[in-house]
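In this document, chain identifiers A, B, C, D and E correspond to the written order of the chains, with residue numbering beginning at 1 in each.
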Amino acid sequence: MTQAMLSVKDLNAYYGKSHVLRGVNMEIMPGEVIALLGRNGVGRSTTAKAIMGEVEPKGEITFKGQPISGLESYQIARLGLGYVPESRDIFPAMTVRQNLILGIKDMRHPGKHTVDQMLDMFPNLRARADNLAGVLSGGEKQMLTMCRTLMGDPELIIIDEPTEGLAPKIVHQIGDVIAEIAKTGVSILLVEQKLSIALRIADRVYVMGHGEIVYSGTPEEFKTRDDVRAEWLEV
Amino acid sequence: DTLKIAFIDPLSGPFGPTGQDGLNEWEYAAEQINAKGGINGNQVEVTGYDNKVNPKESLVQLQKALDNGVRYIAQGNGSSVASALIDAITKHNKRNPGEEVLFLNYAAVDPSFTNDRCNFWHFRFDADSDMKMEAITDWVKGQEDIKKVYIIGQDYSFGKAVAAAAEKNLTEKRPDIEIVGNELHPLGKVKDFTPYVQKIISSGADAMITGNWGADMVLLIKAAIDSGFDGKILTYYGGSRGAATAMGQAAVGQVMAIVEHNTNLEMSDAHAAYVDGYEAKYSESNYYYQRIDNAMHMLAMAAEKADSIDPVDVAFALEGMTYEGPTGTLTMRADNHQVLQPMFMSTFSDNVARGVDNGPFGWVADDAARIEAEDTRTETTCQMTRPSK
Amino acid sequence: METIVFSLLNGVIYGLLLFMLSSGLTLIFSMMGVLNFAHASFYMLGAYFAYTISEASSFWVALIFAPILVGLVGALVEKYGLRTVHVNGHVAELLFTFGLAYLIDEVVKIIWGRNAVDYKVPELLDFPLFELFGAQYPAYRIFTLFVALAMLAGLWFILNRTRAGLIIQAALSHPHMVGHLGHNVPRIFMTVFGVGCALAGLAGVIGGNYLVTDPAMGVQMGPIVFVVVVVGGLGSLMGAFLAAMILGLLQTFAVAIDARFADIFGWLGLDATSELGSITIASLAPMIPFLMLVLVLMIRPRGLLGDREL
Amino acid sequence: MSNIATDTMISLSPSGSQKFMQRTVPLIIFAVILAVIPVFGPSRTMYSLLNAMGVNIVFAMSYNMLLGRAGLLSFGHAVYFGLGGYAAVHAMGAIEAASYGDGGFWAGYPVFFLPFIGFAGGALAGAVIGWPSCRRAGTPFAMISLGVAELISAAGFMFGSIFGGEEGISGDRMNGPEMFGLSLGPINEVYWFIAFWTFIGVLGIYAFTRTPLGKMSEATRDNPERAEFVGYDPQKVRYLVFIFAGGFAGLAGGMSAVNYEIFTPEALSLAPSGMVLLMAYIGGIRYFAGPILGAILLTYMQSMMSDYSEAWLLYLGLLFIVIVMFAPGGLAGIFGGLFRGLRGDNPAASLRQWAVQITGIVLMMISLVTLIEMSVNWSNNYGEVFEPFGMHLPHDGVLTWAVIFIPFVAGVGILRKALKNKEGQA
Amino acid sequence: MSVPALSINNLHKSFGPAHIIRGVTLDIEPGERHAIIGPNGAGKSTLFNLISGGYHPSSGSIKLRGEEIGGMKPFKINRKGLSRSFQVSNIFSNMTVRENVRCGVLYSMGYGYGFWRNVGNLHDVQRKTAEILESVDLLDKAQLPAALLPYADQRTLEIAITIAGGADVIMLDEPTAGMSHSETERAVALIKQATEGKTLLIVEHDMGVVFNMADRISVLVYGEIIATDKPMAIRGNEKVREAYLGDEADAIEGDAA
C-alpha cells in the first residue's frame, strides 16, 4: 500500500474554550484531489488551519509519514505543503510580481514554475504584473494567491474556498485550473461550497458536520446520497 | 538633637554624578564635624533628595525635607532650581512662621540672587558669576599677548550673565582687547562643537572664555583641542568631574579654571588630611568643593555664636561672619549674603602631586594666580529685608 | 570663503556620522516597522564595548568585534523581548524599545560608571591630516568618512540584493501567510534587528571617540535619528543618506552664519534689541532637524526619497 | 413605529440601576476617596505627593483621550499641559499685579479658578497646533508631535518674556479673592483645590467619552475609512478630540501652576511627554480608570523611589517592559483580570493560581533586586555593600549569589509550572 | 420624467496609465433596484468608490438627484443621502454591534460632532438603533463586540451600518459574498425589506441574488457598460454570456451547497 500524502488522525482544535474540531480523521493519497464539503461554520477552514499550524492542533497529523503537528508553519511549508487561505492574504503593498516571487521558498533552488508561466496562466494578472497587489479586484486577488502558492512547488495544496466572490465564468476557469494543477501530480485538498466544481474535479469527497467527518466517498457515490446532502449540506 | 540638612540636587539621570559628588562632600563634611562634637553639640545629618535638576521636583523634595524636620537646605546645581527654591522657601517662611528654613547655596551662581533678588534666607558660599569673571579678567589684564577674545556660553540666564560680565569687564580692564565673538549656543543640545570651534579659530582669537558646564563644557574643550585651537581656554567649570579625561595631554597649560580651591595648593596638614580622607573614602570622585567644607564650618560657627540651631538665629549670626579657612579668610557679606573668599586661576597640568579622574592630570595655581578675597568684592544692588528678631 | 569650506567639510562629516547612526534604524524601521527608541542606546553600547575591547587589545579589534557584540545583544532583545510584543502592534513595540532605552542606559551606568570613559582615537589615526586656515583637521575624521561610505555600500547591497526585505515587508501585513510560504519569519526578523543594532554599534565605535563616550550619549542622539529616517523616507537608504547630509550641512551652516533675526527680517521692522530680533541663526541649529521633520511630514509625507508613506 | 422597537430600546440600553452601578457609583467612590484622604492626616510630603498625583491623573487621562480613545500616539502632549500652565501662571501674575495695583478684571478673579484659564490655554494651543498635525493619524501623527514638542520646547528657552527662560515664571497663589474659604497658602488647603479639580477633570473627561464626538473618536480610531462613509470627517473628529485633549491637559497645567507656583519651559519638553505616555500605558489605555492608576504609581515612583534606590530608573524601565510584554492591558487590565477571576465560576482555584504566580514573581523579584542593588552598590565603588534586613551582601560573597540564584531558579520553576497548569485547565 | 436618483455621465477613471473606468453612463431612477455585474476586475468596486467619494473621477460627472457629487469627500456625499457597504467587511471591530449601528445613525439624526450631549440620553438615537438592529435581526447580539460575530453576521452588520443613516440611495458591494445558501436567502430578504422604497445599487456575483432582486441590470466589462436592461433580456444577451455568464446563464439558481 502506498503511504498517504497527508494523514489526519483524531484532530481536535479549540478557539479559546470553544471546541471546534472534534476528532477529524482524513487521508489524502499522492496525486489525489479531495473536496471537503460542509455547511458554513462546521470547521472546514479550521481543519485547514490546524493542518497548517495556524491553529494549535491536538492530534496526529503526518505528512509523507512525518509528524507535523507542533511544527512552525514555515517548517510545514518547507516540507511541501502549500496553503491558499480563505482570507487570501495577498501582500497589498507589493506588486503582483513581488507577491509571486515571495512564493519561492529558496531563491537558490527555484521551483519548476516561473513567474512568467504563472502570468501566462492568468492573463488578467499579466496586465497588472507591476501594479500593487492591494488594488487588485477581488477575483484577481484570488488568482494571485493560487499562483503564489504554486511558486513554492508544493506537493499538496490546501485551497480554502477559491471561488468565493468570483464571476461565474471565472469560477469555471478556476475549476479548470485546479484540475490542471492536479494533473501535474500535486495533491489537493479543496474546501469548497460550490458542488458543481467540487464534484467535477474531486477524486474523493469528505463531508464535515459539527467538527467531524460525517461522510466520505467518491463523487459518483455522493451524487446518489441525497440523505447526506439533506442532512449535512442543505438547510 | 540633630541638625538636619537636606541636600536637594540631582542624584540620578544625566546630572546624577555631579550631584552625587556634592552629596559626598556634604556628608563627609558632616562626618568630620560630628567627629569633633557636631554643631553646637548637635549631630549633623545630611540627607540627599533627588530633584533631577527639575525646579518642580525640587519643590516636592522640599516638602519631603520639611516633613522630615529639615530646616537647612543645600543646593547648587543649576541657578534655575535655586531660583525656584528661593521663591518657595521665601513663601514657606512667610506662610509658616516659626518653621523657617535656610538655604545654603554652594554652587548656583546667578548674580541676581545676591543682587535684585537677594533674600534673607539665602546664603551663597560660592563666588557669583560676576565675581568669577572679575577674577578671570583680572588675570587676562596681565596677559599682554592676549589680543583677541572669543566669548562662548550656554543660552540661558547664567550663560548670558557670564557673557555680559566678560564684555563689560574686558572693555574696562583691557580696552585694547578685541572681542572677536560673543556667542550663545543652546543648552545641552550641541553634539559636535567643531563648527563653533572653527569659527573661533578663524576669528583669530588668542583666548576663549566660557561658562559652560556639563557635557557642553567637555565637548567644547575637546573639539577645541582636536581642531588645534592653541589659545587659552578660560573656564568656570573646567575642573569639574570627567573633564580632565576628555581633555588629555593636549590641554595641559592651555585650559584654566577659576575656582576657590584645587588639591595641589599648599595645604596645612590638617587640611591635607581632610582631603586625603575624602579621596580615600570616595575613590571614584575627587575633592572639588572646598566651599562645602567652608559652608559647614561657617554654619557651625554661626550656630555656636547664636547658641542655637534655629535658622533665624543662625542666619543673623552668619551675616558678616568671618572664618579662617584653609585658603585664607572668608567673609559672609551682611549686605547681600555673598561670601568673599580667595580665588585661584588654576591651570591644567600634567605635573601634579594629586591628579583628578584617576589620571595623571590635575590643576595647579601659583601665587600669582591667587586673588584675594577682598578683591572679589563687587557692588551689590541688594536691599535686604530682614525679619524682626 | 573659510567659513564655507569649513562648514562644508564639517557638515559632511557630521552628516556622515548621522547617517551611520540612522542607517541601522532605516533598516529596522523600513523593514520591520519598528520605531526603535533604543537605537541610540545601541549606539552607546557600541562605544562602550569598543572602549573595553580597545583597552584590552586594540581599536582595530574593537572595530570588528564591538558591532558584532552589539548585534548579538540586539538579536537577543528581539528574540526574547520584541517578538513577544510584536503581536500587540507597533505601539507596543515602540513602547518596548522606549523602556529598553531606560534599561540599557542604567545598565551602562552600573557597568561603566556615570562618568565619561577615556575612549581614545587609535594612535595610528591620531594626527592632524592637514591644516586649513589655521585649523587642523584630524585624520580620524576623514577615516569616519570612509567607514560611512563603506556602510552605505554594504547596506545598499543588503536592502536591494536580498529578498529578506520583501519577506519582512510581507510579514508586516500577513505574518502567518509568509510562514505558509515557507519563510522563517522569526529568524529573519531577528537577523534584521541584530544587523540594525550592529550598525548602530559600529556608529558607536566610530562616534564614541570622535565625540565623548558617556552615559548620556544615547539620550542626546535619540530623537535626531528619527528625523533622519523619516525625512529621508521610509525604505530609502539613499533618502536617509541625503537627509543626514542635508541636516549635517544645514546645522553646520546655521552655526557658521553670524546673523540675528533682526539682520534678516529687518525690512519687516524687526528690532535687533527685541526678543524676536535678537535670536541668532546659530541658536536655531538644533531646531532645524525638527522643523524639517514637521515640514516634511506635512508637505511630503513619504519623505525625500521614500517609496511609501509612513 | 412599533412597540417592539421601544421595548427593545429599553432592554438594549442599560437599565437605570445598572447605569447607576456602572457609572455613577465609581465616580461617587472616587469623590469619597478624595474627600476622605485628609481625615488620615497626611504629612506634608504626603500632601505634596497627592497634589502631584492629582495633577498627573488629569494629565494622564487627557493623554488617554488621544492614545486610548482616539488611537493617536503623541510624543508631545506636555506642550498643551505646559502652555495651559503658562497661561495660568501669567494669569496668576495678573491677579497679583491687579490686586496690588488698580484692580480690574483680574483683581476679581479667584486663583481657585485658574484651571479654567489653563483649559482655555491648552485648548487654544491644541486648536492652533492640531490643525496641521491632525491631518494624519498613525506614525506621521506621532512623528509630527515629536517634532512639534521639540520645536515648542526649544522656543520655550528662546522667548524669555513668555516662558521665563531656564528659571521659568513664578507666581504667588495667595492673591485675589478667596473661594470656599481656602487661602490656598498651606499645602492642605491646596489639597482641596487639587481634589476639586481632579474630580472635575475626571468627570469632564468621562462625560466627553459619552458624547457623540467621544463615541465617534473611538469609531475613527478603529476604522477611519468607515467613519467617513457614515458622514464623519475623520480629520475633523481627530482635530476636535485633540483640542479637548489639549484643553484637559491645560487644565492639569493650571492645577500644576497653582500647586507649584512656577512653570519652567522644561514642562513643555519631551521628558514629561514621555512620562505621561508611560503613566497612561502602565495604567492601561483600554480602561477608563487605567491612566489614574498609572499616574498614581508613577508619581509615587518618581518622587519616592529615588529615596530608596539609585537604580530607580532601572526599575521603572523594567516595570514598563514587563507591562508591555506580559500585561498589555496595564495595571487596570491586571486588576480587571483578578476581579473577573474572583467573580468567575471558580474563585478558589483562581486564588490558588495567583498565589502560586505571585510567589514565583516575588521570588524572581528578590533575586533581581538583589542583583541590581548589589551591582549598583559595588559599581559606585565607595566600598559600599548592599545590606538589606541586616544581611551583608558583598559582590563576592557566596551568600549574595545564593540569594540571587536560588530564588531565581525557584521562581522560574514555579511560574513555569503555574503556566502549564493553566494550559492544562483550558 | 423625474430627476434620476443617480445619474452618471461619461465617467472615466485612470490610475496612472491604467484606464479602469472608460466612459460609464448610467441613469438610475428613484426607487429602482439596479444591479451591476461583470467579470472580476471590470471596475465595479472602482465605480462604487467613484460614486461614494472614495476616489476622485478623472473626468465625467456623477449627479445625485441632479446635484453634482463627483469628487466630493465621502462624508459629504454620505450626508446627502447616499450610503454604501464594502466588499470586505468594514466595521468598527472593537465596538459592540449596537455601537456600530449607532455610529451609522448619529450623524443623520443631527448629532454630528456634538460634545455637549450624552449619547445615553439621546432617546431618538437609541430608538432608531434598536429599530435597525431589530430589522436585521441582530438584536440578541447587540452587546457583542463586532469582531466576535460570525462572518455572515458581520456581513449583515455591514448592511445595517449602511442603511442606518437613513440614506435613500443605498449601494451594496457583494453583500452576500461568502454566505451560505440559506444565509444568502435571509440576506436577500433583509435587503429587500430594508431598502423598500429606496434606490438600490448592488454588485453581486451570485446570479441567483441578482436576477431575483434587480429591476434592471448593467453589465460592466473592462470599464464599459456593455448592456443595461431587464434581467430576462440580460440573460439572453449574447455579449453578456460571452463576457461574463458563460454556461452559468442556464443554471441561474446558483448552486451554493
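Operating definition for what follows: a residue touches a chain if its C-beta (ideal position, glycine included) is under 8 Å from a C-beta of that chain, and two chains touch if they have at least 3 such contacts.
The structure presented is a predicted model; accordingly, all values stated were derived computationally and were not measured.
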{"item": "Given subunit B and subunit C, the chains that contact each of them", "value": "D"}
{"item": "Chains touching both subunit A and subunit D, listed by label", "value": "C, E"}
{"item": "Centroid comparison with subunit A (C-alpha atoms), farthest chain", "value": "B"}
{"item": "Far-end chain from subunit E, centres as C-alpha averages", "value": "B"}
{"item": "Whole-Å separation of chain centres (CA-atom averages), subunit A against subunit B", "value": "77"}
{"item": "Whole-Å gap separating subunit A and subunit E, where each centre is the average of the chain's CA atoms", "value": "30"}
{"item": "Interchain centroid distance [CA atoms averaged], subunit A/subunit C, Å", "value": "46"}
{"item": "Contacts with two or more other chains, residues of subunit E listed in rising order", "value": "none"}
{"item": "Subunit A, residues touching no fewer than two other chains", "value": "none"}
{"item": "Multi-chain contact sites of subunit C, meaning residues that touch two or more partners", "value": "109, 113, 283, 286"}
{"item": "Footprint of subunit D on subunit C - complex, ascending", "value": "35, 81, 84-85, 88, 90-92, 94-96, 98-103, 105-107, 109-111, 113, 223, 226-227, 230, 275-276, 279, 283, 286-287, 289-291, 293-294, 297-298, 301, 309-310"}
{"item": "Subunit B residues within the subunit D interface of the complex", "value": "11-13, 16, 24, 49-50, 52, 54-57, 59-61, 63-64, 66-68, 78-80, 83-84, 87-88, 91, 95-96, 155-158, 186-187, 189, 281-284"}
{"item": "List of subunit A residues in touch with subunit C within their complex", "value": "52-54, 72-74, 76-78, 82-83, 85, 89, 91-94, 98, 101-103, 105-107, 148-149, 152"}
{"item": "Residues of subunit B touching subunit C in the complex", "value": "14, 16-17, 20, 155, 183-186, 188-192, 194-199, 201-202, 204, 215, 218-219, 222, 226-229, 241-242, 245-246, 248, 284, 357, 359"}
{"item": "Residues on subunit D engaged by subunit C in the complex (per definition of touch)", "value": "67, 73, 132, 135-136, 138-140, 142-144, 146-148, 150-151, 154-155, 158-161, 270, 274, 277-278, 281, 311, 313-314, 316-318, 320-321, 324-326, 328, 372, 375-376, 379, 381"}
